[in-house]
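Structure in structure tokens, see below.
As written, the chain order gives the labels A, B, C, D and E, with residue 1 at the start of each chain.
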Amino acid sequence: MGWFLENAWLIPLLPLIGFAVITLTPIQRNKNASAWLATLLMVGATIIAVGTAVEVAGGVKIAMDGTVAAHAEESHAAEPAAEKGAGHGFEWRDPNIVRTIRWAPAGGDVPFTMGYIIDPAVAAMLMMVTVTATCIHLFSVGYMAHDPRQARFFSFISLFTAAMLAMVMASNLLLFFMAWEIMGLCSYLLIGFWYDKNYADPNQITPRQAAIKAFITTRIGDVLFMIGLAWLWTEAGTLELGAGPGQVFNPELLERLATTTTGIGISAATGIALLIFSGTIGKSAQFPLHVWLPDAMEGPTPVSALIHAATMVSAGVFLTARTFPIFQVSDALPVVATIGAFTALFAALIAVGQFDIKRILAYSTLSQLGFMVAALGIGGWVAAMFHLLTHAFFKALLFLGSGSVIHGMEATVGHDSNTAQDIRNMGGLRRFMPVTFLAYMAGFLALAGFPGFAGFWSKDEILADAFRANTLVWVVLSLASLLTAFYMTRQIMVVFFGSFRGHHPRQQPYAFVSHDDHHYEAHDPHESPWTMTTPLVILALFAVFAGVVNLPFDGFHHLADFFGQEAGKLNLLVMGISGAIAIGGILLGWLVYRNAFASSAEEADPLERMMPGVFTVLNRKFYFDELYAATVGVAAAVLARVWTWLDEQVIDRVVVETGRLTRFLGQVNFIVDDALLNDGADLMATGTQVAGDRTRRTSTGKVQDYVALAFAGAVVLGVLYLYLVR
Amino acid sequence: MTDILRSWIGGALPDWVIVLIAYLLVTTIVLFYAVGNFIMMVWAERRVVARMQDRLGPNRVGPAGLLQPIADAVKMFTKEDIVPRSADQWVHLLAPIVSLAPVAMMLAVIPWGRGWEPIDLNVALLYIVAVSAVSGVGLMMAGWGSNNKFALLGAMRAVAQLVSYEIPAVTALLTVVILAGGMSLLELPYMQAGVPLMGATILCGDAAGCSPSLYTTVTSFPGSPGEPVQALDLGLGWWVFTPVGLLGFIVFFIAALAEGERTPFDIPEADSEIVAGYMTEYSGMKFATFYIAQYILNFALSALAATAFLGGWQGPGVAALANMGGPWVHVAAALSAFYLLAKIWVLFFVMIWLRGAFPRLRVDQLMDFAWKLLLPLALVNIVSASLMVGLTQWTSAQWGGLLSLDGFAPWQRQLIAILVTAIINIAAAYWILSINQRPTQEEWIEEELVVAS
Amino acid sequence: MTTEIQTEPTEVQTTRGGVYVIDRSRPRLRAGQGLLTGLDVVFRHFRDALTRKLEKPSQQTGVFTVQYPEERLKLPEAFRNFPILLYDDETGHELCTSCFQCQRICPPQVIHMTQARDPSTGKPVPAVAEFLIEYDACMSCGLCAEVCPFDAIKMDHEFEYSTDVHGGLTINKEALNRPISYYEKIAPSFWAEVKDSAMKKLQGNMKRRPDLIGVAPQMVEKIRAKRAESAAAQAPAPASATPDAAPADKAARLAAARARAAEKTAAEASAEPVSESTPADKAARLAAIRAANAAKKTDEGATEAPAPTGGAPTDKAARLAAIRAANAAKKSAEGADAASAPPAAEAPAPTTGDAPTDKAARLAAIRAANAAKKAAAQNDGSEE
Amino acid sequence: MPSMTEAVPLPWVLTLAGALFCVGLFGALSRRNTVGILLGIELMLNAVNINLVAFWRYLEPNVVAGQTFALFIITVAAAEAAIGLAMIIAIYRARQTVNADEVDSLRG
Amino acid sequence: MNTLITILFVVFAAFILASAIMTVTVKNIVHAALWLISSFFGVGALYLLMEAEFLGVAQVLIYVGAVSILILFAIMLTRDLEGSQNRQLTPRWWIALIVPAALFGLLIVPTVMTYAWQLPPPPAGQSPAISGAQQIGTAFMREYLLPFEVAAILLLVAMIGAIVIAFEERERRRRVLTLAEQVRLRRQQRQPAPLPEPAATAIQASEATGGES
């Protein structure tokens, strides 16, 4: 007992070893070897992570001195933490193991430490991350098989996985932030993985532009996050996670934070919480900073699945969940809820108007992350974590499925992402790719919230919490969930049903003239190799059955018990409504899209025919990119102009005028001097000149003379001190 | 030695006279030992190299040519001592002395046998390194004082080589310092008791029933420092058998070849290029002094390599004989001295062997080799050595609680450490060798074509 | 060592004999492997050199040193060092007919000889009276043996001639003579090629040689002893007049062979030589031969002799002739009586000098003396 | 065990160090050759080291600070020698001289 | 024994000072450097006398083994213009003599001699704990960690700086080819460029026509 907990540090270490080995050794010259090495190391990490989770579930706790205590049932898990209202039951539980080493002295009493901490939430996250990462590694072996930079790809995603796991396990917010930044770097590198790719359309965003955009956008949130950490450190003197003395969730400290009022009228806790939440906004692409995530789809599809659907973006949610005690004592929760709910609806609306299969999923991800954030905002901590886990599985599944679809489509329409990812060029794929279709259906039903699937249970729990806490939020989320079902049905209908249109794809407005794609026409889309379908099947199983870990019935709150938090209450009304919403959304989608694009890929979208204006707005993503370009971009340009003007017109002018004035004064002075003061001054000047001439000889330019003089001065001073002063 | 003299002479002389006599006696013995070895080395080198070239070598003077070095010495003594007119007289005169003296001083701290140690210096390793660095001054003096461009070139080459290869040599010796936890040379052979690879980590299970001829008392062994225990001892726990020691030994031995100006690195006296390097203007006894200095340096470096990595005087049977007590201790000492001498001669044979096999390097190759190959390997080896010490000797408290090996038996910890260091060293060696590979033909052809055009 | 690089050599037969082929191709070497391979090769040489000698050409390792004084390599048949003269084992007759071919072709001009004359008639016979070779200047080119039409001169295998005295390396006929069986032993196939023609020519020459002329000096004693034996057995016969006049020592024999006037020979020969066979002695003999040759030439052109003295003497014979002519002129002026006295007085002077460093001077002196003597004698003869 | 502290008074050692320092200073001030100046500076550094070691030995033999700082000074001396000689070589390349009194761009 | 140590100290001191004076006065700069080395040796011996073994050995290693070699190298790289017959002292060497003499006579000697040194009492029985190499190493890793790191960085910076300052830009460094490489290069240069194979051209042609049709 306890071996897995003791050696949990191996979990991030194994992918890190993979990264180091692939990067530093000649194994990088062999594509297959590097891919399989990374995958096998991930399998190892998965085994340890699952073992860790099992041990945590078994209640094993290891104290600092190494004594192992195994109790099957924690006593305090049963008793409700506090009767603060629905869902506000989060309470920091003692972790199962904490192991730290000191690595840098800090100004305060507590030095900075590095180490890992494992509690149920971490264990669940570890399991989720490792399982999805392993599946995606395996998927990538097939998906990236023909890429010349395969070794680099595996090195990057290994590094990313290591950073993500390290972040999850971090015992310390500083370490958390470091891993967070490494993830940001990996995200940048992987979005820009095909950095040499160019498009015919000059307005279409290229991978390298997307990478820069993602990096800079998230940087805004990260900087604010770091400021929040600095503030927290100033206030608390520590960044250790934990509720003990000298740790950030110490009740007295939280109390002090909540009562300290800053100059702008909010409490320190609120300020810190808002700043930390900025990190979440950046990383999880919440409303004002959401623009980078859809463009991040320019990266390889496994990257989209791993980083931009399952793990990294949910790290933002995890951040808020991790620092939830601070949020609890602050007034920031309404902000969180508002932003989350708004993003959920807003992104779902945009998703309706997209044609790129990956972008639809990307906006869906935004929307679902909005769900989680909103759930946190209304205090549904367990619901948020639950949805985070289930969403990771089925969204990774959907992305991998879309990757499989794209992989199949490329056989027909060529390696052009614009063509291969356009759902209008697909259709009827269920005949060609049965395994992908079935897995995709599982993911679709889970995401749409079809009763019985994983997404239904988790989303229902969020909705139930929202219904109890804030009706407005509930309404917004319900709308978003309806839209979710609708756009997913749209996608399914267009992609997998109907007739295959890929043999005559849409004409690209900027397509290259000489295509060498014509010889692909003969091919039909094909099913993907086993390395790609196996992860799909595994993840599909999760998508179907992952919900059972936390059914809203008494006695089935396994996850809540596991976390040691209060379980959500069963609300049959809400459950019925959400089930009806899901089924209604699917029916609506089926009605609208059952005959869409029946004739050709050039046909207009049915929704566009019904409401052309609205659809255009949705398709153009509410013109947010244009808005940012028009506001932030223009503001920056204007600011630059202003500074140029200031520099040229004001500062330079002042300098020039000062010069002129001085010159004028000088002329006046010259007259006075020449007429009045010349003789006496001449004498003085001559005297000075002679004196200077004499003095000048001491300045021989020879260093030795200067040193001799310096020492002579020292001797003189010393003699004065020794013989005269004393 | 002092004690023996005291017991012989007793109170007849004041104590400091006895100490002085003892010192002089030991110095004389050691120097005679070294010079005797020098003579045999000269003979052996000529004979062995001759055999490697399918010749017989000198075999006319004395039985099997054994008296050939004596004849050479007589010739050297009787040759005219020529000092070039434009040479710097004093510098020219002092140079051979300055290059021989430090070499002779190196012999002072080497343990020649079990209990046969001239001086116990607690910074002995550093002392040897420091003193051997002094001979560079002698070479520089020889090169400059001769007022000859070949001599100056040779001296510059010699000193550059000496300084460059000192770094890998010292770095390789640092692994020994890390393993031993100190810089004293006397402790090293005692620490290399035990069995190959595992060292003195196989403990006697039953304290009463362990044969003193097979088991020896070890005080500092991994796991429980300070408590004397009985460990299996065949006198073969040499560090060269562990991955760390092996890599360190290889690096140190190669660097020692360069420091002793042995053949692949005999660039300073490359006779086909710069006549005889810094020795160009020397003849007679001064030349012989340089010659002696060079061979004794080889001898001392071989002794150092043997002591640091090959167990020194340690060998099968020494501990058993010493455990028998009484006069057997002296037998053990003699046997141990023989072991050390045998190791030195094996190393010297390898030097001759290399001379028979390899051509001379170019200067740039020499520097590349030191800085791009030996030094990285030695640095990696330091990491390995630290890991080895940590894995075999640290408690979990010293690891910050991250790695707990407290419950393991010493031999298990040793095994883990050997596996880990072997992996690190092999991977590093492979990596460093692969990045140092010569460019393929296409690459350099391209480069040269660019240069040519 | 993973790669075995030194495969055993295989012998391949070609039209010109067997060739040993060693396969040195090897797979690509990784870093450091080449060094180890080199060490391996060297160690194999070391090991084998301790245990075995290099004997076959196919063998690549083993000691190849030959410890020379104790061990010697078998010399090949065609090995050549210095020339020797051959004589017939049975009859003792030398193969040399004194044809002067070798003397002419010798690049360093170290071969000197005089032709034997019939003492009774004074006519030259196809045999050599004295034959000298200066080994110290010989360059072992073998041209003399090449040109010899009678296969009389051959190249020897003996090469250990080192000495600290140059003059000791001027070898006379007795020292040069070897029996044919000796040469047959060192070069059997070469001798077999020429044996028949050489013996045939020898038979022809022997017929033209009166008495013991042309017999190797070693054999002369033997033959003479045999004859004396047979004569003693029969009766004191008047058959041999010459033996009385010929003294036992070599110089006397040389003089006997050289002299044309029988009555003068004995007296001169006894006066000229010195007791020991010093280098000077040999040098004197050499000078005598040269002078004799020169004199022989003056036989042919006595009237022309003064002419070259006016011009620059470019050729050795001419120079000798000039000296001789000068001396002869002097001697003829002094008179016939004194002609024999000064040479006899002069000749010992250089020979008794205990450090004859200047060979040339000595040679010139002897040569001049002898030439004068000969010229005087000849002048007497011709004037009378 | 006899020791230096009993045999030699501390002021002797300090005087030796001071004399060495002054000799070094003289060398640094008077040499024309730049390398000679460097030699003088090395002597001065050695004098300081002698002082440090002497204070350690006589006053605080249980504290390692004296030796530690002597080692730091040795380090600094090594760095100084490397940089100084590099500068000398650079000056020599630029001006073909190593004479300190010819390098006087600072002259007023 | 104390007398012996006193004598040794005096000898060492005289040796150090004599070598130092020779260093600063001797004409030939190489001789000066050699005298400096002997002075270093004397200081090392003094350290040993003061029972600072590690420091003594380090002195020999660093000063004699490295710094002086460096100095000798520098002298030999810059020496050819500096004949030993040139004037070795600056014209104002008397100033340079007065200042150190005043420093020594007026400041150092009076201060050292008159100050009341608070020497600790001689230990009774055993000698005081002398810190050896191990203690120094521990000190470097504990309380002097920061200075230690700074010294390391200083050395690194000095090394890089020395290289940068003294680096001589060459036109282009050319690798010296071995004989085998030269032969191979020649052979390759001699070979004409390989002609395109007829089969390949045929295929290209057919492709071209196929593309047109």
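Keep in mind that, in the parts below, contacts are C-beta pairs under 8 Å (C-beta built on N, C-alpha and C of every residue); 3 or more make two chains touch, one makes a residue touch a chain.
Model, not experiment: these values are computed from the prediction.
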Can you give the shortest number of steps from chain C to chain E, where adjacent chains in the path must touch? 2
Most remote chain w.r.t. Chain C, using mean C-alpha positions, is A
Of all chain pairs, which one counts the most C-beta contacts? D-E
For chain A versus chain B, what separation do you get between their C-alpha means, in angstrom? 58
For the pair chain B and chain D, the C-alpha centroid-to-centroid distance in angstrom is 34
Could you please state the distance in Å, as a whole number, between where the Cα atoms of chain A are centred and where those of chain E are centred? 52
Averaging C-alpha coordinates per chain, one finds the centres of chain A and chain D separated by a number of Å equal to 58
For chain E, what residues touch not just one other chain but two or more? 1, 4, 54, 58, 66, 73, 90, 95-96, 99-100, 103
Expected list for chain D, residues touching two or more other chains, is 25, 29-31, 100-101
Contacting chain pairs, sorted by label, are A-B, A-D, A-E, B-C, B-E, D-E
Quick check on the complex: what are the chain A residues that touch chain E? 702, 704-705, 708, 711-712, 714-715, 718-719, 722
In the complex, chain B touches chain A at residues 400-402, 404, 427, 430-431, 434
For a test of understanding, state which residues of chain A touch chain B in their complex under the given definition. 6, 9, 24-26, 64, 66, 99-102
Chain D residues touching chain A in their complex are 25, 28-31, 37, 100-101, 103-108
Would you mind writing out the residues of chain B in touch with chain E in their complex? 16, 88, 91, 121-123, 126-127, 129-131, 133-134, 136-137, 140-141, 144, 152, 156, 159, 163, 166, 182-183, 362, 364, 441, 444-445, 447-449, 451
